[in-house]
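Here subunit A shows up in two complexes: once beside subunit B, once beside subunit C.
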Partner chain A sequence: MNTIRRVAIIGGNRIPFARSNSVYSSASNQEMFTATLQGLVDRFNLHGERLGDVVGGAVMKHSRDFNLVRESVLSTTLSPQTPAFDIQQACGTGLEAAMIVANKIALGHIECGMAGGVDTTSDAPIGVNEKMRKILLEASRAKSTGQRLGSLAKMRPGMLVSPTLPRNGEPRTGYSMGEHAELMAREWNISREDQDALALKSHLNLARAYKDGFFTDLMTPFKGVAVDNNLRADLTIEKLRSLKPAFDKKVAPNQGTLTAGNSTPLTDGASAVLLASEEWAAAKNLPVLAYLSFSEVAAVDFFDKKEGLLMAPAYAVPRMLARAGISLQDFDFYEIHEAFAAQVLCTLKAWQDEAYCKEKLGLDKALGAIDLSKLNINGSSLAAGHPFAATGGRIVATLAKMLNQKGSGRGLISICAAGGQGVVAILEK
Partner chain B sequence: MNDGYLNFANSAVGAKLADALGLPKPIVLDRYKEGQPVIKGSVLVGGGDDAKLLPVLAKIFKSIGAQTVAHRQLPQWLPLANGAGLMSGRWGVDDQPGEKVKALVFDATGMTDSTQSDALYEFFHDAARSVLPCGRVIVFGRPPEQCANPRQATIQRALEGLTRSLAKELKRAIAVQLVYVAEGAEDQLESTVRFLLSPRSTYVSAQVIRVGTPVGAGGTPLNWDKSLAGKKVLVTGASRGIGASIAEIMVREGATVICLDVPQAQPGLNEIAAKLGATAIELDIGAADAPQKLVDAAKADGGWDVIVHNAGITRDKTIANMKPHFWQMVMNVNLSTQERINDALVESGALKSGARIVCVSSISGIAGNNGQTNYALSKAGVIGMVQSTAPVFAKHGVTINAVAPGFIETQMTAAIPFAMREAGRRMNSMSQGGLPVDVAEAIVWFANPASSGLTGNVVRVCGQSLIGA
Partner chain C sequence: MTSSKKSAMQIIEVTEELSPAGMFLGALKSSRKKPGVVTALPPITYVRPSVKLDAAHIAAYAKVCGYSEAQGVPIIYPQMLTFPLMMAFFASPECPWPGMGTVHLANRIAQHAILKAGDQLRVEVATGDLIAHEKGQVFNMEMKVLRGDELVWDATQTLLRIGVKNPAGPKFISALNADLPLSRQADIRAASDIGRRYGKVSGDMNPIHLSALSAKLFGFRAAIAHGLWTKARALAQLMPPYAVAQAAVNVEFKTPLFLPATASLWATHSELSTAFEVRNQKGDKPHLRGQICYA
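Moving on, here comes the complex of A and B:
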C-alpha cells in the first residue's frame, strides 16, 4: 500500500479560445486537442516520453471521436505507448480529468500524466433526422434486398432538411443554460448592473494579463491566432449596458438581466495540464508551479426540488473546506468559472446567506463573503470564452502560475456544470 | 511614372485577360505606412542541425512583436521562445501544414556539410505554398569566406542558389534574401531582420547580405519608427526623384536633413527643403574645392552622421560615338567626386563616430548596359569603392554600403521609349518597377544606428531583375 503523494502541477497549455463559427470553424476537436497537447510536449521537451495516462474529453463530440484523447496522443510526439481515455462531465470535464490524473499520481499508480479538454460548437456533430435514422438502421438489419428496399421506401425528402442538431439545453427541463441562469438571477435578486460590472472586470483583467505577457508560457498560437478572440480590451460599461436581454422570453419576459455581454458565448478551444509526482518532476528537472491538494464534486436536484441548476459549486466548496479544515476566506486567489456573471454572483450571495447555508448546505452559519480583489484576477470565461471541456485546464494552469508567481499561497477553483453539477478544487504552493 | 498596366492587371477584367493571355500579373506591393507593425502575420521558423541563431532570433522577434510558429524540425523552438518572453507554438498538426504565414525564416548557420541539406528541402517543401502575398523569406548562413573548412564553406555558399531560385519560384511578390552572419555578429542582426521582414524591403529580393562584427559606435534606436532621431544627414542630388524621396524618408525617420544639389537645380532643391523643413546647400560637388567646403560645413554643423551619395548623371552614347567630356563628366561626378568627399570627410573627422556612408550604384554597374560604358564604369566603380574602403573606414568607426537600384519609376525612366521601358519594368520577379521610396527605405536601413554590422554591402533594389543577377 502506497502512501498518498503530493501532486505537482508542472505547467499547462491551451490554444487561444475563439468564438463559435469564427477562426476555428473548420478545426476538429482532434486537431485542436492535438495542437494543445503537442504544445505541452514541446514546452517540457517530452518527445518520445511514455506518460502514465492522458485523460480528457469533449462535451460536443462526433461518434467517430469515440477515442478522441488517445487518437490525439497518437498524433503528438509523445510515445505511442502512452495510454489515454475520454471522460465527459459537461463543463466540469477538464477539472474532473485533472482530478482523475492527480488521484492516480497521488496513489502512486502513475508518475505523470496530462489532463485536459476540448470543445467545438463550430464543427458540431449533426445527426440525421431521427425518423430517418430509424429507417436506416432497419434497412441495415434487413435480411433480403426486398426488405431493405421496403425500409428505404419509407424515406421522405423532408427528413433530409430537418437533421438532429445538438442543443445547449437541459434535457429534463427543456430550458437552455441561459434560461436557468436567468431564473437563478431572479431568485437571488442579482442586478443587471452587478452582472455587467463583473463582465467588464473580466475583460479588463484578461486584457491586462495579456499585456503583461502572463499567458506567454501557458498558450500556443493556433491558426494564426494568439489571443482569445472574444476578448474586448476596449469594452466599456456603456457598451455592456446597451445590450438586450438574451434569455428572458420564456422565463422572465421583459425583466431579463442576462445579455450576450454578461454570459459566455459558444466557444471553440482546447487546454491541457501536465501533472506529476514530485520525484518525476525533480528527475526531469522540471519546475513545480503548484500542487493540487483537494477536490470535490456535488450535484443539486434542479428538477424535483427546483434548485438553481448552476448552484452545485455552492454545495461542493463547503464540503471540501471541511475536509481541508480551512475557511472560505483562507485563499489568496479565487477562480470561479464565469459561465454567466449571474452564476458567480448567485454563488457568492448564497455563501453569505445564513438561511441558505444552514438549511441547504447544512452548515452552522454562513460561509461569508470573499475579498473580491482576489477573484479571477487574470480574467475568466466571460472574457476568454468557454469551450466547455477546455475551461478546467485553462483555470488550473492559470491559477498554478499565479501561485508560482506569488511564491506561496492557496487558490480555490469552482466550476459549475450541466446536469446541476459542480466540480471544485484547491491548489496550493 | 505611372504604371498603368499594374492597375489594369489588378482590375477584375484585367486579371482575367492577363490569365488568359499568359501576361505577367504584377500584384500591388505592400509598402510601409507610418506607425504600422513590422510584420502583419506569422513568421514560420525552421532550421538545420545546430541552428545557432535561434536564441538571438527569439529576442528579435520579441522586440518586433512578431508572432512565430516553428516547423516540426525545430521542436526546441517553443521553450526557447517562451524563455525570451515570446508566445509561440508549432506550425500545423499531425505533419499537416498550418496556417498561411507572412514570412519564412530558416537558420542554416549550423550546416557544415552538403549532406545536411535535407532540412532545407523539408522546410521549404512543406511551407512553399503557405506564404502570403508580399511575404518574406530569410535564410541565415555563415559567410563562406570565414568558414573553418572547405566543406562548411561549400554548403554555405550553396545557399545562394537556393534563395535566388526561391525568389523566382514563390512569385506573388514574395521576397527572398540570404543573410550571412559572421561569428560574433549575432547581436548586430536586429535592424536587418526588421528591414527584411517589413514592407520597407518590398522591392529588394534575391540579395545576399553580410552582417559582420560591429563598426564604430552604433546603438539601438529608442524608437525604431524614428530610427534616425537626432542624426544629421546629407543627401546629394536631393532636388528630385530618388534623392528627394531619400530626404523625405530620412525626415520621416526623425533625422535633420541637409539637401544638396547643383546650383541649376535650385528651384527644386529649395522646394524640397522647404517642404521637409530641411537645410539646402547649393554646390557643384564635381568642383575641386567641393570636398573642403563640405568638411567646413559639416564641422560648422557639429559633425554629420550620415552621407548619402545619391547625385549621379548619365551621358549615354556607345563608346565609339562618345565625346571625351561625356566620359570624364560621368566618371568625375559619379565616382571620383565620391571618393574625394569620403576621404576628406573621414580623414578630417567631420563625420561622427558611428557615421554611415551610403552610395547609390546601379544595376548597370553590375550587368552592364548598351550605351552606358561610362555610366557602368562609374557605377561598378562605386561597388569597388564600397568594398575597398569599408575596411579602411571601419578603423574610423564609419560604415560604407551601397544600394543598386534596378528599374525605378522616376522622370528619368519615364523618358525611356515605351518598348524598352515595358521590358525594363516587367523583367524582374515582381513584374513591375520599384518606386523611389523603395530605394530610400534601403538607404535608411543602412543608415540605422543599429546597422553597425553592415559595411561593404551592395544590395540591389531591383525586384530580382533578370538582368545582372
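Moving on, here comes the complex of A and C:
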C-alpha cells in the first residue's frame, strides 16, 4: 500500500475556443480532442510514451463516439498502449476528469495521465424522429421481407423534417440553463449592471492575457484560428447595455437581466492537462506548475426544494475548505467559471449571506467576501466561450500557470454543472 | 356645465358627456385665440363630481397599451378621466392659448391606493403655475382623483405653448437625471394605427396622431404616437405583473415618435425605483425619459 502522493500539474493545452457554427462548424469532437492531446504530446515530447490513463469526455456526443477518448488517443503519437476512457458530468466533465486522474496518481496506481474534455454544438448529434426510430428498429427486427416492408410502410415524409434535436435544458424542469440562471438572478437580486460589468471585465482580462502572451504555451492553433473567437477586445459597457434580455420570456417576462453578452454562448473547443507524480516529472526533467491538492463535488435539490440550479458550488466549496482547514479568503486566485455572470455573482452573494450560510450550508457564519481583484484575472468563460466539457481543462491549466508565475500560492476552482451539480478544486504551489 | 364662484377659485362642474368630435371642435375653435401678456392662469378647477370606473373601458385601454389584466387599473388610466376637463379648459375663454399646438412636455403621477372597476370617483383638474421655457410658455395643470374623501391619485400635466415670447414664471429645469446608465430591455412596436386605436380609447382624436395625411396638414412628416401612449406602453413593460398600491411616475417627453416605429426600451432598476427611457431603434435618441418610484 502506497502513501498518498502529491499530484503535479505539468502543463495544459487547448485549441482556441470558437462560437458555435463558426470556424469549427465541420470539426468533430474526435478531431478537436485529438488535436488538443497531440499539442500536449508535442509540447512535452511524449511521442511513443505509454501514459497511465487518459480520461475525458464530451457532453454533446454522437452514439458512434462511445469510445471518444480512446479513439482520440489512438490518433495521436502517444503509445497505442495508453488506455483511455470517457466520462460525462456536464460542465464539470473536464475538472472531474482531472480529479480522477489525480486520484489514481495520488494513490500510486499510475504515474502520469492526461485529463480533458471536448464539445461541439456545431457538429451536434441529431436523432431521427422518435416515431421513425421505432419503425426502423421494428423493421430491423422483422423476420421476413414482407414484415420489413410492412414496418417501413409506416414511415411518413413528415418524420424526415422533424428530427430529435439536442437541447440545452434541464430534463426535469423544462427550463433552459439561461432560464434557471435568470431565476437565480431574481432570487439573489443580481442587477443587470453588475452582470454586464463582470462580462466586460472578463473580456478585458482575457484580451490583456493574450496581449501578454499568457496563452502562448497553453494553446495549439486549430483550423487557422489562434485566438478564442468569442473574445471582443474592443467591447464596451455601452455595447453590453444595448443587448436585450434573452431568457426572461418564460420565467420573468419583461424583468430579464441576462443577455447574450453576460451569458456564455454555445461554443466548440477542447482542452487537456498533463498530470503526474513528482517522481515521474523529475525523471522526465519536466518542471511542475502547481499541485492539485483538494477536490469536492456537490449537488442541490433544484426540483423539490427549488434551489438555484447552478448553486451547487456554493455548497461544495465550504465542505472542501473545511477539509483543507482554510478559509475562503486564503487564496491568491479565484477561478469561478462564468457560465453566466449571474451564476458567479449569486455564488459570491450567497457566501456573504449569513442566513444562507447557516441554514443551507450548515456553517457557523457567512464565508464572507473575496478580494475581487483576484477573480478570473486572465478572463473566463464569458470571454473565452464555454465548450461544456472543455472548460475544466482550460481553468486547471490557466490557474496552474498563474501559480507557477507567482512562484507560490493557492487558487480555487469552482465550476457549476447541469443537473444541479458543482465541481470544485484547490491548486497549490 | 354649471359654474359657481367660491372665493378666488372658480369651480366648474362638467357633467355632460362630450363627444370626441365636440371636444375637438372646441379645441379647433380655440385656435383663434390671440392672448396678450399672460402673467398667471386664472384660478379655476374643473370637476367631474362622480365618474364610475368602467371595467370594459379599462380593459380596452389596457389592451392598446400592453397592460396585462393582473396589473389592475394602470397607473396612468385615471388621466383618461381628466381628458374632458382638459378639453373644457382649452375651449374656454379662461385658457389664454389655443389647444392646438400645445405640446405635452412632462407628466408626474402619484397613485396612493389601488383602484378597482366600479369605484365612484371625483375627478378634478385645476390650473397651475407658469414656468418659463426657452421655447415658450410652460403651464401646469394639477389633477386629482378622490374616492370619497380619500385622495387616491394626483398628477401634474406640464404643457408647453411654443413660441410665447418673454414667458412668465421661474425657469424650467429638467427634473430627471440623464446620466444614469441604462440597459436595453425590450423593443416596443408602435404600429401605424396605434394613434387611431389609442385615440379611440382616450378620446384624444388630435389629427397629428391619426394618420400620416392628417398629421401632414399640421406640419408633421408623419403621424406621431400619443406621448401618454408611449409612456403607458413603457410602464406596462416596466411595472410589476400585479397591481401596485403606491407608486409615482415622472416622465419628460423629449422627441416625437413617428409612426410606424420600433422603439427601444432602456432601464435600470434599483430597489425602490426604475429609471427608464424610450429611445429610437438604434438606441441613441430618447423619445421620453422617466422614473418610477415605489413607496
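Going forward, the second predicted complex is superposed on the first by the 429 of 429 C-alpha atoms of A that agree within 3 Å, B and C clash if a C-alpha of one lies under 4 Å from a C-alpha of the other, contacts with A are read in each partner's own complex, and residues count from 1 in each chain.
Following the convention adopted for this analysis, contacts are C-beta pairs under 8 Å (C-beta built on N, C-alpha and C of every residue); 3 or more make two chains touch, one makes a residue touch a chain.
Keep in mind that this is a model prediction, so the values were computed, not measured.
When the shared chain is aligned, subunit B comes close enough to touch A:R43, but subunit C does not. Of the two partner chains, subunit B is the only one touched by A:A35; subunit C is not.
When both complexes are overlaid on chain A, the residue A:D353 reaches neither subunit B nor subunit C. In the superposed pair of complexes, A:S75 makes contact with subunit B only, with no contact to subunit C.
Of the two partner chains placed around the shared chain by superposition, neither subunit B nor subunit C is touched by A:E138. In the overlay built on the shared chain, the residue A:A226 is in contact with subunit B alone; subunit C does not reach it. Within the superposed three-chain model, A:D194 lies out of touch with both subunit B and subunit C [touch as defined at top]. For subunit A, the partner with contacts to more residues, out of subunit B and subunit C, is B. Touch criterion met: A:D217 reaches subunit B, while subunit C stays clear of it. Every residue of subunit A that touches subunit B in the complex is listed here, in rising order: 15, 31, 34-35, 38-39, 42-45, 47, 75, 77, 213, 215-217, 219-224, 226.
Touching subunit A in their complex are the following residues of subunit B: 41-42, 67, 69, 75-79, 82, 85-90, 93-94, 98-101.
Across the interface of their complex, subunit A is touched by residues 181-187, 237-238, 241, 266, 268-270, 283 of subunit C. Of all residues in subunit A, those touching subunit C in their complex are 191-193, 196, 237, 240-245, 253-254, 256.
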